[in-house]
């Protein structure tokens, strides 16, 4: 493969990374905002949170992207395609993330909240100081899964002129006609990216587990090595 | 005989009425747990609730701690109603701010400790004083260290709760509650999750608290010797009503009520 | 680009055809993912290294690589190995296999959520291993997993457009085909957005209802 | 990569602003040999190369190509992501309602890609109509889909998302023949010379008594008539001088692909295609 | 004095050695829980283990139940080693099948009951007899009904565990264990999760079992009166060793070891 073709793949890889990281960061904000809103006693906040979740889980990122880039300009809104890509992916993954946040919050034992009430914390202090720090430990593994899904989901961005890794792969495939090698390379590249992301999430999991004074759950290698006998 | 205990015994024998339950009722579905309950405690009084399982002891403590609302009736703490505000001479339901203000005088220690697992011991004790009482970090830590020393855990300030035994956790929980300098301390079977030797340590700490402070204590316990040592008054509950109320010596040595006798029998028997 | 009702109306029947394919693929894929995921989970807990390590690696690999590429391999490479499945079957199997790696995680956390005391009690009664799984562990592990499983069904529903690379004309490929012919994308893409919503909303509602039934009482926060 | 909406609002003024900028944005669809990335990684193809020369004549030196999905070309042009579509896009009446076309740069007869030796002995779409056991491969978004629809072939059609998927599909026995323009098929086969496949001779399909001959042209926004007309002038000069053919010859185009049809004729659907 | 108890007292006073721990050691990381522990029980003997928290009582029961493997040493039940097989005159590690066979004679009742929440009471009791002992459904149900009647719960056979009180759940757990007709019944603090009145009911059931069957019983309990009523022998544990072993009257009325005295003191004190 020529250096230029390789450069396409590399650029696609970077674009995919940019999209994934950008959408993950923004999606995290949406997740927490909507997830916490759905646990609020305020019916309006709850409603807004629920609507966001249901709407954006239901509409696929691809349709959102199309609207953002090809329909919004008619309403006088200019979105840079990259920014549109990040926003659409973030809105979509954020809706899934919000369910994770809600699940994490609900899983914190009621007893912890009661203890916080007994110490007269305000509602927001309860959330900030007691519930969230414990809930985050539970949110991390599903967040890790979402991150991998996001990584793979970025490949829809090609329809709005964002040349991501999959699209770069298609370019190389068209240029060389060599489908098998291109798809093998894509498999390997995505797997490497996924392993990197998973490792980072696992490291964070360990830190959080330590900050709760728990033994961290064994990682993949530990699980493979130390097969427990019943 | 199954008449309620006499009015006199139901009311505080110390100075006035600091906590006052007036016709408090609570039901869960069809299950009427408390029915028009009235009772009062004086400031600094220490009262023990005893009674069979499901008689509503925990419910009373949880209502005082505002973890659970009564269906009807009022609860007064000091001059304020806990769930009501007086507005234009009428009692109306209180807002969050009012409840928080009244609740500040009360705190509770739970059967299962409920320490915050995400904070080390010291922060468990300082967190509320800093964020609720507005103490500086230094003041709060000084106060916490004093209390942790009192409960014999000043060497564990950097441990996480999961690294402590149950008895140690419960002692931290007591220190955490005391750090709020509450007027009222609620204790719900604080030793029943512990084995006897560890329980002994916790009960010793609470004896100290009773002796050295004048905090108002309302506790549910099956540790009869402890109840005898620290309480001014023991209330026997049965089916959501107080069927007997007396100082501990009277209650344990010459219970008047048949149900009380059989209850005390079974508790004392099995050890 | 302005909205053209006539065109929208004209494309609807074809889009509904595509919707049928999408729904069918999702249902069949879900069925496969549910069963296969459970099998993966049990294999991953096997005391034998020779079973659990390869399963673990296989699951991790499938989970970390794009469905698109997997579909491609299944569609173009399997026939060279003499296995000729229809495009639709290939798609369903690809979807099911891919999502089985997710459902396997869900089952795993469900199983880990069964208290250790249950395993111990089963052992104290000397119940045989198969019986422990079928009558003690799984009945307790599966119901709490249902909400999460439902979410994956919804997610799978939105992944079906990828089947287009293996020539399955599902909803989105129909829309894109219509768009390419007439060069109007706004209507078909918007219609499928609405169709997706119409399908995913009731599913999500059903999932939440199950969750509410399974998770006890509301709580103060 | 911001979207230039003002370009759209400013009507016929676009060409002069492109001249001021010294740079034109063109959209290509990554389809060989019309517009694609070659083995060395360079963006090339008959349309971009032709566009380069035309724009040089118009006084625009630099060209900024943007590769995108074929399906996104028209929407992206309409919102101003680029100024011209240079993808060898077929002129069809439906597309003419959306955008303006230049006069076509080529015409494209059809062919079929079949396994080597053509074991089923098929040469045109009409053969496939006659043989009920043949599965025909089509490229998504191509004019062929319209032909197949008219011929009632859709229930035996296998729709591929790219030329190479079609090629791989024939190899994997997913379809018996792959119907597309001879140019595209020839190009794909050149890149996979070892594949046991061959092409049938090129032909012009006749459907409902009409010759269907696809013609590729450049696309412009509907409000850019001045721009389009200026482009047409230079393009037709190159056609007349033979420079057009010499520019596209390296991509497999021959005299038989040269055409004198005009966009106006094609848009009114007198001579060709769906 | 901190010498181990005398050999004689460590060994069964009934017919021969039915359960035999020989130099059993167990450690968790650096924490040596049991160190070369030896002790034996006769068939039909009822032994109570007492001792402070963390002394290794539960560990012994869990090893017998094969929930936890010893690091070194052997455990014999009847003629068979629990974790070892004799092959060619040599002791080798036993396979799953052997362990299952030996384990069949033993069963355990847990502190937290561990009923199967997905089965009704009757099925909780019949499940193992049907699938392990191979009884027919009818036989198993007949047996279960007899046992449930004995524990006073024949009217609850259609309830789910979550619909029962703790005391009722524990009684079902006892019936479930007895339905296996085990030779050995292990009980680990079976009443400490219950409040005193409910505990009383459970202990009464166990007294009945002790009186009416000749099952070998090994229990850990803090209910001293119960221990006195049913045990043939009491073993006092401290730091993984047996520091005193004697019949209950001797042990409770005149403990020889200082540590035993202080332990019994704290347990009896706190009620």
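Miscellaneous remarks
Labels A, B, C, D and E are assigned to the chains in the order they are written; within every chain, residues are numbered from 1.
In this text, a contact is a pair of C-beta atoms (placed from the backbone, for glycine too) under 8 Å apart; a residue touches a chain by one contact, two chains touch by 3 or more.
In this text, all values refer to a predicted model and were calculated from it rather than measured experimentally.
Among the remaining chains, those touching subunit A and also subunit C are D.
Farthest from subunit C, judged by the mean position of CA atoms in each chain, is B.
The greater number of contacting C-beta pairs, out of the two interfaces C-E and A-D, is seen for A-D. Taking each chain's centre as the mean of its C-alpha atoms, subunit B lies 83 Å from subunit D.
Averaging C-alpha coordinates per chain places the centre of subunit B 36 Å away from that of subunit E. Centroids built from CA atoms put subunit E at 50 Å from subunit A. For subunit E, residues touching at least two other chains: there are none.
Shared interface positions of subunit C, defined as residues touching 2 or more other chains, are 1, 76-77, 185, 220. Those residues of subunit D in touch with two or more other chains are numbered 71, 75, 78, 165, 168.
Across the assembly, chains come into contact as A-B, A-C, A-D, B-E, C-D, C-E. Against subunit A, the residues of subunit C that register as touching in their complex are 1-2, 47, 49, 52-53, 56, 60-61, 63-69, 72-73, 76-77, 102, 105, 109, 129, 151, 154-155, 158, 161, 172, 185-186, 189-190, 192-193, 196-197, 200-201, 204, 215, 219-221. Per the touch definition, subunit B reaches subunit E in the complex via residues 52-53, 165, 191-192, 195-200, 203, 222-226, 263, 266-271.
For subunit D in complex with subunit A, the touching residues are 1-3, 5, 30-32, 36-42, 66-69, 71-72, 75-76, 78-81, 162-165, 167-168, 188, 191-192.
Considering their complex, residues 1, 75-77, 79-80, 84, 87, 164-165, 167, 169, 173, 176-177, 179-185 of subunit C touch subunit D. Per the touch definition, subunit A reaches subunit D in the complex via residues 2-8, 66, 69-70, 73-74, 78-82, 158-161, 163, 167, 170-179.
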